[in-house]
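In order of appearance the chains are A, B, C, D, E, F, G and H, and numbering begins at 1 in each one.
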């Protein structure tokens, strides 16, 4: 039972961390953008503008909520809710650190070490489409509908390549559990990261992650210059907030998953030696920190890319997804298979 | 305790949402209710320790098939709304038929002994690994044939689409 | 296209006079550009000829605008065409005049795609009707604008309107 | 606290017949939907529901009878259902675009 | 793969449930809060759909391109197909060479179909 | 179309080399550029704490000048109002009374002199038109406000202080103007 | 029908907020601060002033410092309608519609001579100031106003926001103000 | 008269003046792009009839900021007209300004000293750079690359600084006077120009490296919104848009003004008139402008900064204060009582967007009798529906921004 309590505690902590990281991602996005663009960025709300996300949050909560007359009210509310909930659900299967002993039992620092972890991620991600589709459709606005259709088509298209690129990882690991995948990357001195064996897979996965998060260069559905606000054109107050926020939560989770799948999760070089001289809990904390460092790097990378490159046109995006990434990922899978067979 | 609560609430959810699904006017809501129903069913799969099937169920049904339904609804958009309903009589008849069917089967199966839970349960039965083994050994032929099915599906879809554009 | 020798205003003047004779009401040169006045019936033939003739090739319609001369009775309105021969690098100006009672001019949209909006604008400003224009509507102002603002009798400011507060004006 | 039970105890708590009746109920609801509605989409959804109830039943039997084969069967069922829906909906859209309705009765009137 | 104790599994799903409850609680709570806190000022014009400051022309829910729909259909087909890969990948090491062969056999019609789809221009957006 | 001149050249190259086709090199090059800027000194001027120095000819808020003895220069000749394309200037002229010589330099003066700052387009034509060295634009920006009425700057608001310390220095501007013509 | 501008009271600056219940509670202050620091502008940039707005957004002046770099073109999401440039009569209804569709609380800033008063365009086709069709909170003079002036306008708006009582938008005075613009 | 009636909306299915058939309304999607759409940087509205993502037909509606320039010009004395022309194409106001002054100088027969010409060339080329900076960076923004915009915009800011030092304003500069400039360029101006010439190329390179050879950008722009040379001429295209289509028409070369014949520069050309061509042409024009400015600075003649025409050029203030003659001229000029010949002139300059023409009819009064602006934007924007037909929504937006339609110029 203590374990259950521990897990629920973990859920709570994770929930708060997700929100916190996402909130500060919005802030750092603005800061990174500003710095890349030779500007200062928000610096008036609190020292260095550190209270900016809080100000945004309060403002959003205090804003009038508008539900257009012609919209389907329930669905209109359901859209952002689904988006946000699915965004917050994915973190369950991510192993945040090595196991700790609780109640005499080795418990991984993971909400749910289910043996289908990666499929769980895929499942939840595939549900994310609903939030956008329903929201865009319910708005009864042309831009919103167009944005929603674009967004969902894009998301489902890149889901395919994403699923395919994961298969190569599953083949090497032989398990669907993310925990196993991470431990499988321990290698010598904690450096057996999958990125070294699966560079192509990583690239595909990375691109798909960008597309699934609707980030530049795949931010078409909400590209302002074309569709005003895309699928969330009609949304105001916290409903809009959730749509925007979910993007950042997704970014956080995507970074975590990329790290888990390809960058060894919480592993770091010479971790065995370190663990030998450290207590279990400090070591776990160190691992979690390493993990977060990697995640932060990817979040930064997401932003860095966003503020550098142009975005695709819809047809180009679809071509990339279907005609380049999908065949490439099949190829990657078969090549991985061949290599494994040849090696054994 | 938890087991019973989960089972009965999931079953309840499944039944209620599926009933709502067939009665709701708006097809969009029907899809969403069916979605809820599918989630409950997935929950039942998990309860049966068929985790892999449960998640596949979600990925395939919720993540793909239902999305497609949404597309269709958005696509057709009911610009001619389907307000015409069947006559009351036929509706009543339909419901009666359904109930009768349920009743008959219920009655027929009420006393059938389905046997008790086995003493020893293979806990690996629901795992992807087990399933894979079965799939790739015993069911290899159907497996390969599915591929052809998909191929024909693709061709069919493309042909439909072609007709479509030619008609325009 | 064969290279034609460079022509000058003189050449243009002569050839147009030779070609159309009396239809050309006057040709003057001011500030280095020929001002050709023709009657509006000959507009289309003249411009077609100017555009098509190999030695001239005025194939570029630089601009088209209307003018209102309220005190020139019977010739109150005028449409001015600036044509440009890119190959010869000569510009000419063609004027046509008409009385207020007969504001009909053949359209140039058949010759220059770009004339479309210019004519719409001229129509809107002066009320000159371009016969044969595919879509002669107001273009800049609200659709229910009921007068032609650039005619001289209308003031710049619409004095009947109420959205102006003289308190804020220096006058 | 022993609310967390092992699988076999769990299975003992919920008899197989409960699963059977649940599936039965779902199946009849699906059938009623097919009979009841004229909107082809809903009819389609009802069919999916029926398919699902069968799947659930198969899984239940497979677990209670310790046979992984049934699960492989369900697996096939699901993916084939996907193919079926894909083609079916493509047809449905085509029908809609031709006759501008998805009323199932309208099909009767059509001379194919 | 070692067998996991059942308790842990149940617990894992319970934890996921807990996460779901917390997440939806948060979301719905916030909605409720904004609903209560924000000013309300409704009028017909305000609640019209936004279309660049003009009134909307026609119904917003108009048919969009059949291409999107086609992509969705293909997605369903492919997604179902990918599902087959998972059990295969998990068992890959045991299946070895024959597994690879089986998969190649499975994939080839798939690729063939894919090639056909592309060839027929079903994924052409222009 | 035959070439019209001999100095043209085609500048758009639309064929992509294979490395350009790969997306990645160009993206990496872009990333390098942005990374470089990430650590560059920021160009932002933190207005209102910092201000950018305006040129001495900057055309901002107006000032009505006084002469060395603190008398108003303006003689209400109205040239500025005529020159103003926005018709932003109004004035009421009045004859100077006896005993007011210390206040007004010329025989006539502007009893009222209003500039509607909301209409003014800061074109500087009034400054140019003034024959009496009376109106200048300064290099301070004209501030915003909440009420349209407050933008009707009256003479008191425009006039510089009478004391020498409170004078607004437009000397540079005066000198700078047409220095070449001298 | 068109509104009769004579009936429109010219709004009296920030005093109108100080009238009822002056003295903000602590919560109101916090909310005011939050709102003031998270202004999402809707740039209604029609002409030249829009270019200066670009300059204000750009690196040298960086509107982002005030937390206002997130432009939102959908009126639902915007807090501040920045009207920059000439508003012709043809545009009037559009501007009004956009204003009406904005979610409360909303503020309006008229940037530049044209938006504020018509500027030099005292002509048959130009609206002589947008306060004829929508209420304006802050006017920024200039043609175009330099970025500093636009920032000054934003600062003024921030002051206004900080002072606004939380219930102002439901007060009868506010309703009256809107009603005077024929906006229910 | 003020028309804020609420039924002033364009709310039926109308394209090109005719109501769309019922069949089409069912089949196509009618999307309204603008007026307050982020892509319509200025304000214009497009009703797009779309089949999915493909644009079948488009109808632009313009006039949302119609300011009646031509009527206004008939009511303003000559020396106030620059305040109007500055607001035509506000991205490159000095070119308009100088263009107008060339027109009036032609009418008045004012000969400007070489130095004035050269200084004007410097200003105009700076303005051209400023204009192209906006256009090209906005293209980049519309493809999603915002950062490049902010990089080059800093340099626009530097151009503003130069203007400010010359005339005291940034955007709507009112920079010229009849016969020359208001004041001579001082040391700071030249220092700033030198600095600009030195540093800007690096920034421009950087901007190019962000987008120009990036495949995403190239894919977005190549074959998008193209127009053939023939059609472009039919539509009376000029400027970069015409050159992108492959016609080397440049007013600076064809009809040199302001001593442009003294400078050596090439006319950049595109091949098929698509968005990428337009982008490249503008990009190259900036390089050419830089070179022109360098040449002008190098060969800058000594001399006066204004023509010696006391009847049109305001006398120095000291003369006004101290000499009767100066005062009289001053009054005459400000009151607009100078003698203007009757006549008609047409003067064109190569504006940021193409041939910017001024057709001035003078009846000898203090105001123009008629002043018609040949506004390149207005003329070529009508080709827009044709250019985007059959392309996608995103293309339409890029086409629009790459045409650099300036609303002030479009709507007059």
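Quick note on the criterion: contacts are C-beta pairs under 8 Å (C-beta built on N, C-alpha and C of every residue); 3 or more make two chains touch, one makes a residue touch a chain.
Remember, it's a predicted structure, so these values are computed and weren't measured experimentally.
> Which chains contact both chain E and chain H?
Both-contact set = A, G.
> Looking at B-E and D-E, which one has the bigger number of contacting C-beta pairs?
B-E
> Averaging over Cα atoms per chain, report the distance between chain C and chain D in Å.
That pair's centroid distance is 74 Å.
> In angstrom, rounded to a whole number, how far apart do the mean CA points of chain C and chain E lie?
It comes to 61 Å between the two C-alpha centres.
> How big is the gap, in whole Å, between where the Cα atoms of chain E centre and where those of chain F centre?
About 57 Å separates the centre of chain E from that of chain F.
> Can you list the chain H residues in contact with two or more other chains?
2-3, 6, 8-9, 29, 32, 35-38, 53, 63, 66, 68, 71-72, 83-84, 147, 150-151, 154, 172, 210-211, 214, 216, 233, 247, 249, 254, 392, 411
> By the touch rule stated above, which residues of chain G touch at least two different other chains?
Where chain G meets two or more other chains at a single residue, that happens at 5, 58-60, 62, 65, 71, 73-74, 76, 89-90, 93-94, 98, 103-105, 117-118, 120, 122-125, 127, 129, 132, 143, 146, 169.
> Considering chain E alone, which of its residues make contact with at least two other chains?
Residues 1, 6, 9-11, 13-14, 38-41, 45-46, 48, 50-56, 61-64, 66, 68-69, 72-77, 79-81, 83-84, 86-87, 90-91, 99, 107, 114, 125-126.
> Per the contact definition, I'd like the list of chain A residues that touch chain B in the complex.
The touching residues are 72, 75, 78, 114-116, 119-120, 122-123, 126-127, 129-130, 133-134, 137, 145, 149, 152, 156, 159, 176.
> Going by the contact rule at the top, pick out the chain G residues touching chain E in the complex.
Within the complex, chain G contacts chain E at residues 74-76, 93-95, 97-98, 100-101, 103-105, 169-170, 183-184.
> So in the complex, which bits of chain G are touching chain A?
Touch residues, chain G against chain A: 30-31, 33-35, 37-38, 58-59, 62, 64-67, 69-74, 76-77, 79, 103-105, 166, 169.
> Which part of chain B faces chain A closely enough to touch in the complex?
For chain B paired with chain A, touching residues are 26, 28-29, 32, 35, 51-52, 55-56, 58-59, 62-64, 67, 70-71, 74, 127-128.
> Applying the document's contact rule, which stretches of chain H touch chain G when the two form their complex?
Checking each residue of chain H against chain G gives 2-6, 8-9, 35-38, 41-43, 63-68, 71-72, 83-84, 87, 90-91, 134, 149-151, 153-154, 156-157, 160, 170-172, 407-408, 411.
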